[in-house]
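Several structures are given next for inspection.
Both of the next two complexes hold chain A, though its partner changes from chain B to chain C.
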Partner chain A sequence: MSDKENAAARRLRFEIFRFNPEDPNSEPHIDVFEIDERPYMTLYMALNEIRETLDSGLQFDFACRSAICGSCGMMVNGRPSLGCRTLTADLPETIRLHPLPAFKLIGDLSVDTGTWFREMAERTEAWIHEQQPFNKDATEERMSDDIAQAIYEGDRCIECGCCVASCGVANVNPDFLAAAGLNRVSRFMMDPRDKRDDADWFEVVAGQQGVFGCVGLMACADVCPKELPLLEVYAYLRRRILGSKFLSDRSDPPPDINT
Partner chain B sequence: MKILTNATNAVDSKVNARRQIVYELISGGTGLALALFMFGHVVLVGSILTGERGFDWMATMLEDYYIAQPTIAAIFALFIVHAIVASRKIPAQLDERRRMIALAKGLKNAGRDKVPSRRDNSPFVPHLESMLWIWQVRTGMVMLVLGSFHLVLLGMDIFTPLFGDHAGIESSTSLARVAAGLWLPYGILLLCVEFHASVGLYRLAVKWGSGFLPHRRHLHRIEQVIFWVVLGLGAITLLVLAGVLSPPLEFLLSEGAS
Partner chain C sequence: MTPQLITTDVLVIGGGLAGERCAIEAAAAGQEAMILSLVPPRRSHSCAAQGGMQAALGNCVKAEGDSPQVHFQDTVRGSDWGADQEVARIFAEEAPVAVRELAHYGVPWTRVRGGKNKYFIKGESVEIEELLENDGLITHRDFGGTAKWRACYAAAGTGHAALYAVDSQVVRLGITVRDRVEAIALIHDGSRCFGVVARCLRTGKQFCVLAKATVIATGGYGRIYGRYTTNATINYGTGAAIALDTGVVPLGNMEAVQFHPTALSPSGILITEGCRGDGGYLLDKNLHRFMVDAEPEKQELASRDVVSRHMMQCILDGNGVDSPNGRHLWLDIRHLGEKHLTTKLLEVFDICRDFAGINPANDMIPVRPTQHYSMGGVRVNKDGEAYGMAGLYAVGEAACWDMHGFNRLGGNSLAETLVAGRVVGARVAEYASGTTLQADTELAFAALAAAEKRAQNLLAREGNGRSVYEIRDALGEIMITKVGIFRTGDDLKSAVDEIKALIEECSHAVLRHKGPGANPELAFALRFPGMLRLALTVAMGALARAESRGAHFRSDFPLRNDREWLNRTLARWKPDASAPTLSYEPVGLIDLAPGHRGYGSDERIEMNKTVSQYNESVADLQAREGRLASVEAIGSRLQQTQGVAR
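Then we have the complex of A and B:
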């Protein structure tokens, strides 16, 4: 395998962002580490090797090492990627690692995506809204295969935050729901079990923090490690909001400014 | 659902959301109209390719039937409205712009370096669209200046005959102007317009049509074809206007000339 030979021959130079916000003496800086590349090496393996052999204080997050937990998102040479899913063979010899922007920094490469996603879920009330009291004896409502598939597609999101980090709008406007949030919204909008109608969704989807805050940079779809159809989700939301709400609901009572 | 608002922006979020839709529709609609007009514009100015007679015939016809006067007024209005509404998404603070530019550059450069061991299906491919947007902002700024100048100049050409004895748009004046030095601002304007318009159409198609229009890869390819074809036509037209090139299609009209 030429892949293997190349990989074995290289010595990788890691330039890693270091900063501990908890430590008043810590200054943001770049540390350089060099290790030998091994066949099929991922950033997960490389960072563990650096921590074991070169610097035990290096902070980074990993849990599942198989692109399902979403904790190892980081900026790899300027592009958000999952550390566990990124092969060093795809990268040049110099690899620059930064923490994901748009999230609170915990230290070095570790960021707090959890708070962002929790806030997003609370704002969008990301759970099924059922109007009727639960009846344990009733049979479950049927759902068409197409809808089930579409919902499943949106549910594949692992909340790694790569789309948020790559989004120009989310980087300058912390309120923006970004692809992860709007993908979640569209998943509940499609779900027939969720009884919220378009009027309920209108403000959160159509406002500046929703789909019409999007500039159309398309980076979210390009960096998504799960290759979710984010552009399709955005277009779906735009068309649905425009078609159902704006055209049909112009006779709303005037809004109360004080609320 | 909770909407984050602050005290200075205590407008009902529903009103605000509806306003955002209107802005989006106006910026997209005016952009679409202007882009389509610019492709028609290439054809109109392209009449110089058939020589001065063709150009003057086109100009006289558009002015005598009062097509040119309302058109330029409408285009000026669309131009201003588009500038106001489409610029709403440009971050106000320089630091925010720097942040966006740095992000876009990083995404563009990731995957650009030659790595022999990189797999064919590597996710590390350059992402261009963020940088394209930043260039749309830049070209938009240039067009605001040069486009206004061009619209005022041509507006004077078109409207003064209504009041005085000026002759309207004339090939002799246009040729002399461009040759005298206007080729430079017009060249820059041409490049900016075609880039801004073709990328804008591409972005508009992806924003509203993803899912039922052709895949984005194909839309991007179409955008590039439109850009180069229209830019090429425009460049040839500009060269003819500057007197560098003789009108390549002059034979079409000269054969029937008495």
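Then we have the complex of A and C:
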């Protein structure tokens, strides 16, 4: 704690990627800004200070500034991170900021994650495929609290796009669902309210765009700001998809054993 | 490439829970719905709601005996009788349906675990045997100002889970969402709304959207308090501002501004009331639980306005904890244990780690009351239709519907977004199906030309002076120091003068960046004058209201005054006026007669008429203020319109 409070003496050098696609005179380049570090300074504070005092054209995205909304994914010294919760005290004096790759650039550090995630949700039909229409007069269906907690764990993804940006496959194959997409699928797969069966899920995640497109680098698991258990998610999906064809046949008792 | 003019049936401004739920209702009824949102909808501020959503399901032992009637009473008491009681009644009755609908949409509500459960209640660790027959039903946690445990929750990420579930239905229904688009003016003829002029925040281009019905769902105006707010950076209150700009539509109770007791100091990030609901304590610098002395019955779980005042008083009395960033108090949840903190309060655990560098299982959390919620907003009737403007609706925090009156109970805002989204959405769909699109392109292009001229004028200004950002910071300082938790006539007078001076200064402010495209400084300069106008309506409403009610506390008028002020402030900004005009209407039909809230002060100035006498004139006086006729007559949902005091 005291390190961060005493960190105020440093002069920070920001090297920030700049490009405004709306400006015909704009070319991609790096701009350098220097500001004084303050105690507990986050990149949210630093970037706002730069925009408000040094270059008011600088584009970036923040909304909740509390690591909940997922707006502020950016490359911080080459690593996908949430700007709002990145403390400058944890970084060297020179801080290089780039927009997340794999998403369409809007300008400077701002990228279009919204379109990517909407398309992913449409492709994977990321909503509950319910058994029955909603009956407003009925008591809620029961669910064990353990299952609710497990679903919640998968539901915690904030769609910041850090995993997509870090993914070796997603960066060369725009159709790859990446960890955020596959985590979303597994969240619905484990939800007893969703009636889709193994054959339905096979269509969604079995191909190269799905879990078998992963080459196993698992950078996603390293960079996820919510620390979602993505290794387990991928293993769960592989087993569910393959298991639906092979594994479950082996684990089930032979059909004629007691007849 | 966006054309200059697009059309839809139902246009919703704002992609948070209220707006999306409203759009779903319209789309399900066969109307074409379009949502404009500053950000991708899942990044809306609804996602930051943490601790819970109130609905009287009564599923756990401490919720036994709960009912919509009890929820209604808690809500009215919480509002300090400022609420429209018919709306509070509709709300309390529909909230259980809204929670169950969210379960249907996929929200992983925390469930009852039948058998022994350990809870912390009023400083004691207690073991309670939950009924096995209730195992698997949606459970509840305690929150402030409620007679029963009623808040349904998903860890401390309830808003996130709800928003993702509701947005999944928006995707499923194929509702068009245009994200990074800001509505900057309403297109209207003085009595009917036809749509909006919008600005694309990717390209800077402006365009018109014409619709049969337009719904404002832009959330609160917390950012008029600068950095002294828990709100997201995008909570500018633009919907309320463009409604005010019509000169016709009034904003209701803008001075009713909620301060949340436990924002992390100094960043202002919200720490949920669920911490205290689950048994957390507030401690002063001597580690004394001052709330037990102040409110022996409810302790830390009195309503937010009451707890925030006690906290500020504690700090003013010299019992705050000194820090380089000002004085704060402690929130202590260490005794709940790491397992509880990393499951049921996981998001709090993460926020403490990421933004304060502490582990709340070992360390106390520095907290301070901070602006949190806007009870005021676009004044609407019980169908959500704006006063004086057919075809314009408002829903959620942006609206003054008005179930919260002068203080909202924790967990009632999430519930309001879904209930109001359903109720108002159905009315919007009915309205839209009974009317045709009036594509008055002349009116639309005139509004577009005016908006473009405004932007060009801003870019053309030259000179020096403070930037719009510096003026924004100055506004925040005025609002927190003079229009905060404790207010006085002198402070408010000087706030009004200073805000007027800022409005003047802002009208000459010069932009530093004039480049093409989105231009974030231009975007802010276009919306900031609206924020200044909202701030002035807050300060003037607070100055005029010579009483204390809910979150509006006047040190020079410390009593609630039901004789003179059992009413709602309405603020209109006439064209070319330099300040809003205030008027007043009755709060609505009274069912639960004014009395003691059960916490806070029991002193007040009583009404000098009967409830029946009060109720007699409500419909007429509200109609005179522009309330449009609702589909069902006023009072149709109240059990007792004759107002027999209970």
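Worth a mention:
In this text, the second predicted complex is superposed on the first by the 235 of 259 C-alpha atoms of A that agree within 3 Å, B and C clash if a C-alpha of one lies under 4 Å from a C-alpha of the other, contacts with A are read in each partner's own complex, and residues count from 1 in each chain.
Keep this in mind: a contact is a pair of C-beta atoms (placed from the backbone, for glycine too) under 8 Å apart; a residue touches a chain by one contact, two chains touch by 3 or more.
Not measured: the values here are computed from a predicted model.
In the superposed model, A:57 makes contact with chain C only, not with chain B.
When the shared chain is aligned, chain B comes close enough to touch A:90, but chain C does not.
In the superposition on chain A, contact is made by A:122 with both chain B and chain C. In the superposition on chain A, no contact is made by A:99 with either chain B or chain C. When the shared chain is aligned, no partner comes close enough to touch A:161: not chain B, not chain C. Contacts of A:20 after superposition on the shared chain: chain C is touched, whereas chain B is not.
After overlaying the two complexes on the shared chain, residue contacts for A:68 are found with chain C alone; chain B is out of touch.
In the three-chain superposition model, chain A touches both chain B and chain C at residues 122, 125. In the complex of the two chains, the chain A residues touching chain B come out as 2-3, 6-7, 10, 75-79, 81, 86-87, 89-92, 101, 122-125, 166, 168-169, 171-172, 175, 200-210, 212-219, 221-223, 225, 229, 231-232, 234-236, 238-239, 241-242, 246, 252, 255-257, 259. Those residues of chain B that touch chain A in the shared complex are 1-4, 10-18, 20-21, 23-25, 89, 91, 93, 96, 99-100, 103-107, 109-111, 113, 115-119, 122-125, 127, 129-130, 133, 203, 206-211, 216. Considering their complex, residues 39-45, 47-48, 57, 97, 99-101, 103-106, 108-113, 135-139, 154-155, 157, 160-161, 164-165, 168-169, 171-172, 177, 179-180, 202-204, 232-234, 267, 269-270, 324, 343, 347, 350-351, 354-355, 357-358, 467, 469-470, 511-513, 515-521 of chain C touch chain A. Considering their complex, residues 1, 4-5, 20-23, 39-40, 42, 51-52, 55-59, 61-71, 85, 106-107, 112-114, 117-118, 121-122, 125-128, 130, 134, 136, 138-145, 147-149, 151-152, 155-156, 158-159, 188, 191, 193-194 of chain A touch chain C.
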